[in-house]
Every structure is written in C-alpha cells, then in structure tokens.
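Quick one: structure below, then a few questions.
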Amino acid sequence: MTSQSSRIIPIVLTLLSYTIIGLLIVLPVALILHEALRQGLHTAFETLKDPEARSAIRLTACVTAIVTVINTAGGIAAAWTLTKYDFRGARLLVSLIELPISVSPVIAGLVWLLLFGRQGWWGNWLGHHGLHIAFAVPGIVLATLFVTFPYVARTLMPYMEQQGRAAEEAAFLFGAGFWKTLIHVTLPDAGWALLSGVLLTTARAMGEFGAVAVISGHIPGVTETMPLHIETLYNGYQSVAAFAMAALLVLVAMTTVLIRMFLERSFRKQHP
Amino acid sequence: MKPLTVTGLRYFPRRRQTLPGFSLSLGLTLLWTGLLVVLPLTALLLRPWQHGIGPMLHALHDARMYAALRVSFICAFLAVLIDLPIGLLLAWTLVRYRPPGHRAVDALIDLPFAIPTAVTGIALATLYGPGGWIGAPAGKLGLKLAFSPAGIVIALTFIGLPFIVRSVEPVLRSFPKDVEEAAFLLGASGWQRFCRILLPALAPPLLSGAGLAFARGIGEYGSVIFIAGNQPFHSEVTPLLIVMRLQEFNYDGATSIALILLVTALLCLVAVSHLRRSVSSGLVREDSA
Amino acid sequence: MKILSSRRYTLKGTLALAAALIAGPCLSAAHAADYHLLNVSYDPTRELYSDINHAFPAFWSRTHSGDSVVVTSSHGGSGAQARSVLEGAPADVVTLGLAYDIDILAQNGLLATDWQKRLPHNSTPYTSTIVFLVRKGNPKNIHDWPDLIRDGIQVVTPNPKTSGGARWNYLAAWGWALHQPGGTEQSATAYLKALFAHVPVLDTGARGATNSFVQRGLGDVLIAWEDEALLASRDLGPDKFDIVVPPLTILAEPPVATVDRNVQEHGTEAVSRAYLDFLFSPEGQRIGARHYFRPVDPAIQAETAAVFPHTTTFDVASLGGWTRLQKAHFSDGGVFDQIYSH
C-alpha cells in the first residue's frame, strides 16, 4: 500500500504542477504568439517595420543600454563596498539599495515628475534653459534606472560575500592597485553572477511600463518605448501589430531566462 | 596562490579596512544611491506637505482612495494565498522528483518576472476576456473573470508565482535528507513528515517569498490595468488611482496617495520580516536559508 | 590560472555585450525630414489624423517644393494630453477635444489667449455631437436620455476629469436635463447622479471607453462622440452595434491651435499654420467627413449630408461657457466629485 502510494503521489503531483504551469504560464505565452501570427509571419514582420514601431524598438534598445551600463557600474561599486569593507551604516545602505523593489512602478515614475515636471521643483527652471527631462527621453531613462536599480547589486552581493576578501588582499599585497584588483581578481570570479544580474536588469529595463507611462508623454516616434507602443496599438484596434511587438519582447525575455538558467547551472557545476 | 594569501593574512591581521579604495568605492555607491533613490524619494516624502497639510488631509478623507487601497491589498493577498500552495507544489516537484522536462519548466517559472507587464496585461485580458480561450468557456459557466476584481487576482497570481518558487527552492534543495529519513524510520507517515518537519523549515522562505510577491502585487500597474475593468470603488487599484490623479493634474493628491501606498507597503514588509523571524526562531533554526 | 582566464572571458563578454547594445541603436537615429511636426490630439482622432498626416506633405509641397514634412500624432484623453503639453511635450499643434483644454495652455503662456480668433469658425475645423451606441437590435430599447437611468441599464462613458469626450457626454446629459420642463440645476445634478450610478467603468479616454464597450463587451450603451460611434458601428462591427441619436443633444466643437512657444522654438510656425489651414481646406474637410467628423465648410456639408443623422443640438455657450462649467463641475470638489463622493 505504502509503496504503491509512494509511486503514485509523485506522478499525480508532477501532472498537477505541469497542468498549472501550462494554464498559468504557457497558455498566455502561446496566446501572444498565436495572436501575433494570426495573419501570418509576414504580416507580423511588416507591422514591426512601421516607422513608429521601429522608433519604439530603437528607443527601448537605447534606454536599456544606458540603464544597464549605469546600474551595472553602480551595482558593482555597491556590492564591492558592502562586501569588502566593514563600516557603520552598511545595513542602512543595503536597505536603501533594495528599497526600489518594493516601490510601485507608478511611484517610480511619479518621483521624477516631482523633481523635473513643470509642476516639480526644478522642471520650470530647467525648461527655461532648454533642458527637457520629464516627457522626454531623459525622464524615461531616470524612471527605468530607478525600477531596475537593485538587480545587479543584489545578485552580486551573495557571491562576493562568499568570495571573502582574501584574494583581493593578496592581490593588493602583490602591488595591484584598486582598479586592477577589482577588474582582474574580484569581477572574473563573480562573472557568472554579474552576467546574470546584468541580464535581469536588461530584461526589466526593456519591459518597464508603469514608471515610463507616467513620465513619457506617449509621443509615438519620440517618447514611446516598446511597451508603451504596445498599449497604443492595442487601444488603436491594431491587435496583430500589438501582439507582434509583444511577441518580440516575449522572445527576448525567454532568451534572457534561458541564458540565466544556463549560467546558473554552469556556476553550480563549478561550485558544487 | 591560496597558501600565500593565508600567510599574508597571518602577517597582517585584519584591521578595519585592509583593502584600498574604500572612500572611492563608497563615494561611488553613495553617489549612485543618493541620486537615483534617496533624492527622488525625498521629493516624495516632502511634496505632500508643500502646500500645507491640506492635500494630505484631503487624501486621507477620500473614500475612493480607501476603496482602491482595499482592492489592492485584498487582491494582492488573495493572489499570494493562491501562489503559496502552487509555488510550494512546483518547487517540491521540481526539486524532489526531477520529472522529465523539469529544467524547461524551471526556466518557465522565471517568465512572469521577465515578460514585460504590459505584455502580460494584454495577453491575460485577451485570454480571460469574454471571447478568450479561458474567458469564453468560463463565461458560459457564468464566471466573469476579466474586467472584475477576479481579473486583478489572476494577474497578480501570475506576477507573484516566481517569488514563491524561487525562495522555497534553495531551502528545499539543501534540506537534510537524514532528518526526513529519521522521521520515516520513527514511523511518521508522509503527511506527518511534511507537516511536522518540512513545513516549519519551509515557513521562513515561504513567508519572505510571500512578502515580496505581496509588495509587488500592491504596486503592480501594467499587467493589472488591462484586465481590471478599472471601476472606481470596485476594481480600481491604488497605482491606477495615482495615475488618474496625475492626469487630473492633481499632483498633491497623487503624491499623498503614493506616500500612503509606499508607507503601507513598507509596513507590510516589516511585519512579514518580523513574522518570519519569530517563526524561524520558534520552530527551527534557520541555517539553510 | 586556466580557470581564471576562462572567467576573464566572461567578463570581457559582458563588456562587449554592453558596448554592442549601446553602440548599435544609438548611432542610427536620423530622419530625412526638413520638418517634423508633432500634433498632440485627443482620443477618437487616431484614424483621422493618420490620414491627414499622410495627405498634408503633398499639400505643403505644392507651395514649398523640395521640403519634406513628417507629422506625428499622439492621442489620449483630451485633458491628459493638454497636461502633457503643459508638462513639456513638444507639441507644434494641438487638436484637442474642447476649447477649455487649449485655454489652459494659453493661461500658462504657451500660446496667445485670443487663439480661437486666429482661424475660421472659432478655430473649429469639424464638429460632432454626442450619441448612443447600443448592441445590435437595441435589445434594451434605449432611445433617449431618460432610458439610460432605467433599472438594469449599464452605461459606459469615460472620466470627465481626464477625457474631453466625457465632458461633452456629461454636459450633453446636463444640458438635456436643464432643457426639460421644470429643469433646474438641482434636477440636472440628480439626473447625473443617477446616470453615473449606472456607469460600471470610468476609462481615462474616449478610446478606452469604446474598447470597454466594443472589445470587452461591458455595458448596454456607450455614450460617445458621433464619429467614434460611427467608426465602431460601420467599421469595427457592422453587425454588432446600432447608433441611437437622442432627440436633443450637444453640439461638440473640438478646436485646433498652434502652440506659439513651441513652434518658435522649433522654427515651425509656417508649416504648423499650414497644417491647420489644411484641415479647413476642401480636401481636409473631405478627409474629416470620411472619418465621420461633421464638416464646417457649407459646400462639403452639402456633399456629405447623407452620412450624418439629423438632430437638435444646443451649444456650450448656452450652458454658460467652458470656464464657468469647468469650475462648477470638474474642478476639485465640483459637481462631479460630489456625485462620486457617496
């Protein structure tokens, strides 16, 4: 009896989990691809060639690149500072760095509006001097920076913590400077974690909607990123075009997920 | 290289700071955090009071805001309640049974986190809408899923799932098999083993995953607005109300609600982490998480 | 050492990836246009301005050969759009749902306060009216305003605080109630309160409301711009919807203007003005009529009379004018807030 049930339970539970995954995750993804290809692959590609679609893709790529570079640099600095030195206030700093995760994306957009909108603290003054931040590309970059702020630091810190400080201290004793130590000793060792954090940042930056929606102004061809353009297309009854662009984003997201999985697995093999 | 390092350390016992570049890297970190997080959040903290206490009082008397907060919190809570057993089941199956294709399924679990929220929104609205693959048959049974609070719960369940699975998985993986085996030898049934031994050990990671999923749920915007129906007092979530206030050009109102939402979200996170600590100190020592 | 070097490749890979991501897209952002106009418009004009933007460059090059013009339009709730221009969206022209939204821009110094006198017909190139869109065959038997507050009727209309169309809807209902025998402001407020109790969803813009009614199947009746209703009933689902024109409704006048401060900054005064003139030209008027906007040019009116149903209308001036109405109804604590404050 026991052995029979112990054989059946795994099968039942596995079938159950696969059904849930299928309903909850696979079905929406399948629907996106289905709706995108409703009028054939060719039509789907044609909608992506529309000038406004191309401009949205370009803007998203550009914003993602800038955001990824800045938050990667900041994330490395933060992870290094917090794991390689002891200082007062370190815990507070960690909480501050993790804070953006629990802030609603809408608030992440709003806070920049409070600084740089025409009703905000500095927006009017900057506007008179020809600097437009809110309702322009810099605002989109700032909102995305806030939303993706913690990811690199958060993925790096546990690995750097594990590394300890011995290798760096040795390198320093051998005469390596700060940058040399960071670039040749610490980072190569945390390479997998770094790349994984970078990918996470990229994925979130590409897809940010709420924060960007608040600060962008929705000007097609100028300040519309891919997710915003999807909303515009969807509201304009252009279902195929909306889902074609959605499918493109889903494919990129799936690629990121696969690369991260591969990275993690090779990391686990190296550090069993 | 390693022995040398050790000798090195012996020669130079660790003082407070052994590595160079402390002020440089701390400076960079503070600059990055200060400009991108502290500065904007300060604006959020100060703005509601800029025109006196009036706007905040006005917000605190706004029945629509309380309704929106209630919708956000209840829906996020229900979604977490649904996610907890599902997430535990998925983590359990993937870690313990390693069924065929478990690697692919494991990767799929990250998708809700990686797929842009607007994409999730239009996909779920179409899927669960009156003419959708799930919405149409559900409609025949008299169930209205999309454009009602149920739609919000669906979207938040989707969004929250990876948080639960990813916090439970590592604990489950490192859970000492011999404890379970000992219990088995002592005659505990499968269900008893699960309830008495595994569940207490899994409670802390489940709680922290739930806390993260909940915090994300109450702040979620993109995936929710397409499927919610957005009816004031009924299916309007707090982030949408903030956007509404902004579009009405009511900055003080928007900021007051935003501050209230942020503070409540943080309080919930603190409460969860306290609960987590008391659970883990009361039942098992948490050395695996 | 071997491990170390292989790890270093990972790092280099990361850097290379980042570099490629930056360099690729940022270097290729050039447009061949001499002029790039931005028209910030309201919700139901997406299809209209998509055609106008296509037709205008030819019109312009008749007098300015060699120039090229690209016009982009952005759409959303009229009030929200006005606010984004106020916040710094670089609009050359605004083509909004109602005069008040452009007045706000004028009050903030973005254009001259007498902007409405600069173009014919009070700067209104097309008019519209407010009608009801119902499900095919009119199953709920809706013919006039009182039918909307019958038990069991669900009405879809957007949020008047953000949408221009919604303000026209609201004022059409308000005006109708005032015009009833014995109608007073109290009775009109009571009617509106009853009406909004039947509204299950308040979208931010007219297009969102149409989507709720058409795509999501919400509600029994959509109060909508005539152009939006004709678009939905003739183009989106000819066999799914009917239009009901109430016997008394409002004359909606969506105006247009150039944004002086922005066109001076962009050097696009002439081409922006020409873009607006094009809307009043026979060609522009015909494109408008094709998208169900009522022309103001008498000749084109006669040409397209068959498209538009006849009805009796009142205008906003007869209700007291935008400035007064906006303050009384849509400001913080106004009549609309009182309706929703339970």
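First chain written, first letter: the chains are A, B and C, and each begins at residue 1.
Just so we're on the same page, contacts are C-beta pairs under 8 Å (C-beta built on N, C-alpha and C of every residue); 3 or more make two chains touch, one makes a residue touch a chain.
To keep track of the chains, here are their UniProt names: A = Sulfate transporter CysW; B = Sulfate transport system permease protein CysT.
Quick caveat: nothing in here was measured; it's all calculated off a predicted structure.
Trainee: Farthest from chain C in C-alpha centre terms, which chain would that be?
Mentor: In terms of C-alpha centroids, the chain at the greatest distance from chain C is B.
Trainee: Using CA atom means as chain centres, which chain is nearest the centre of all the protein shown?
Mentor: Closest to the centre of all protein C-alpha atoms: chain A.
Trainee: Counting C-beta pairs in contact, does A-C beat B-C or the other way around?
Mentor: A-C
Trainee: Centroid from C-alpha atoms only, then distance chain A (Sulfate transporter CysW) to chain B, rounded to Å. What do you get?
Mentor: It comes to 16 Å between the two C-alpha centres.
Trainee: Counting in whole Å, what is the centre-to-centre distance of chain B and chain C, each centre being its mean C-alpha position?
Mentor: One centre to the other, that is 38 Å.
Trainee: Please list all residues of chain B that touch 2 or more other chains.
Mentor: In chain B, 243, 249 touch at least two other chains.
Trainee: Could you say which residues in chain A (Sulfate transporter CysW) touch two or more other chains, in rising order?
Mentor: Residues 113, 117, 119.
Trainee: For chain C, jot down the residues that touch at least 2 other chains.
Mentor: 86, 215
Trainee: Show which residues of chain C lie in contact with chain B when the two form their complex.
Mentor: 77, 79-80, 83, 86, 159, 161-162, 200-204, 212, 215-218, 332, 340-342
Trainee: What does chain C use to touch chain A (Sulfate transporter CysW) in their complex?
Mentor: Residue list for chain C touching chain A (Sulfate transporter CysW): 4, 7-8, 10-11, 13-14, 17-18, 21-22, 24-26, 28-29, 38, 40, 46, 72-76, 84, 86-90, 207-208, 211, 215, 236.
Trainee: Which positions of chain A (Sulfate transporter CysW) touch chain C when the two form their complex?
Mentor: 52, 58, 61-62, 64-66, 68-69, 72, 113, 117-119, 123, 127, 132, 134-136, 183-184, 187-189, 191-192, 194-195, 198, 202, 217-223, 232, 235-237
Trainee: Of all residues in chain A (Sulfate transporter CysW), which touch chain B in the complex?
Mentor: Listed in rising order, the residues of chain A (Sulfate transporter CysW) that touch chain B are 5-6, 9-10, 13-14, 16-18, 20-21, 23-29, 31-32, 35, 70, 73-74, 77-78, 80-82, 84-87, 93, 96-97, 99-107, 110-115, 117, 119-121, 142, 145-146, 149, 165-170, 172-173, 177-178, 181-182, 203-204, 206-210, 213-214, 226-228, 230-231, 234, 242-243, 246, 249-250, 253-254, 256-258, 260-261.
Trainee: Could you list, by residue number, the parts of chain B that touch chain A (Sulfate transporter CysW) in their complex?
Mentor: These residues of chain B touch chain A (Sulfate transporter CysW): 1-2, 4-6, 8-9, 12, 16-22, 24-26, 28-30, 32-33, 36-41, 43-44, 47, 86, 89-90, 92-94, 96-97, 99, 101, 103, 105-124, 126-127, 132-134, 157-158, 161, 190, 212, 215-216, 218-222, 226, 238-240, 242-243, 246, 249, 251, 254-255, 258, 261-262, 265-266, 269.
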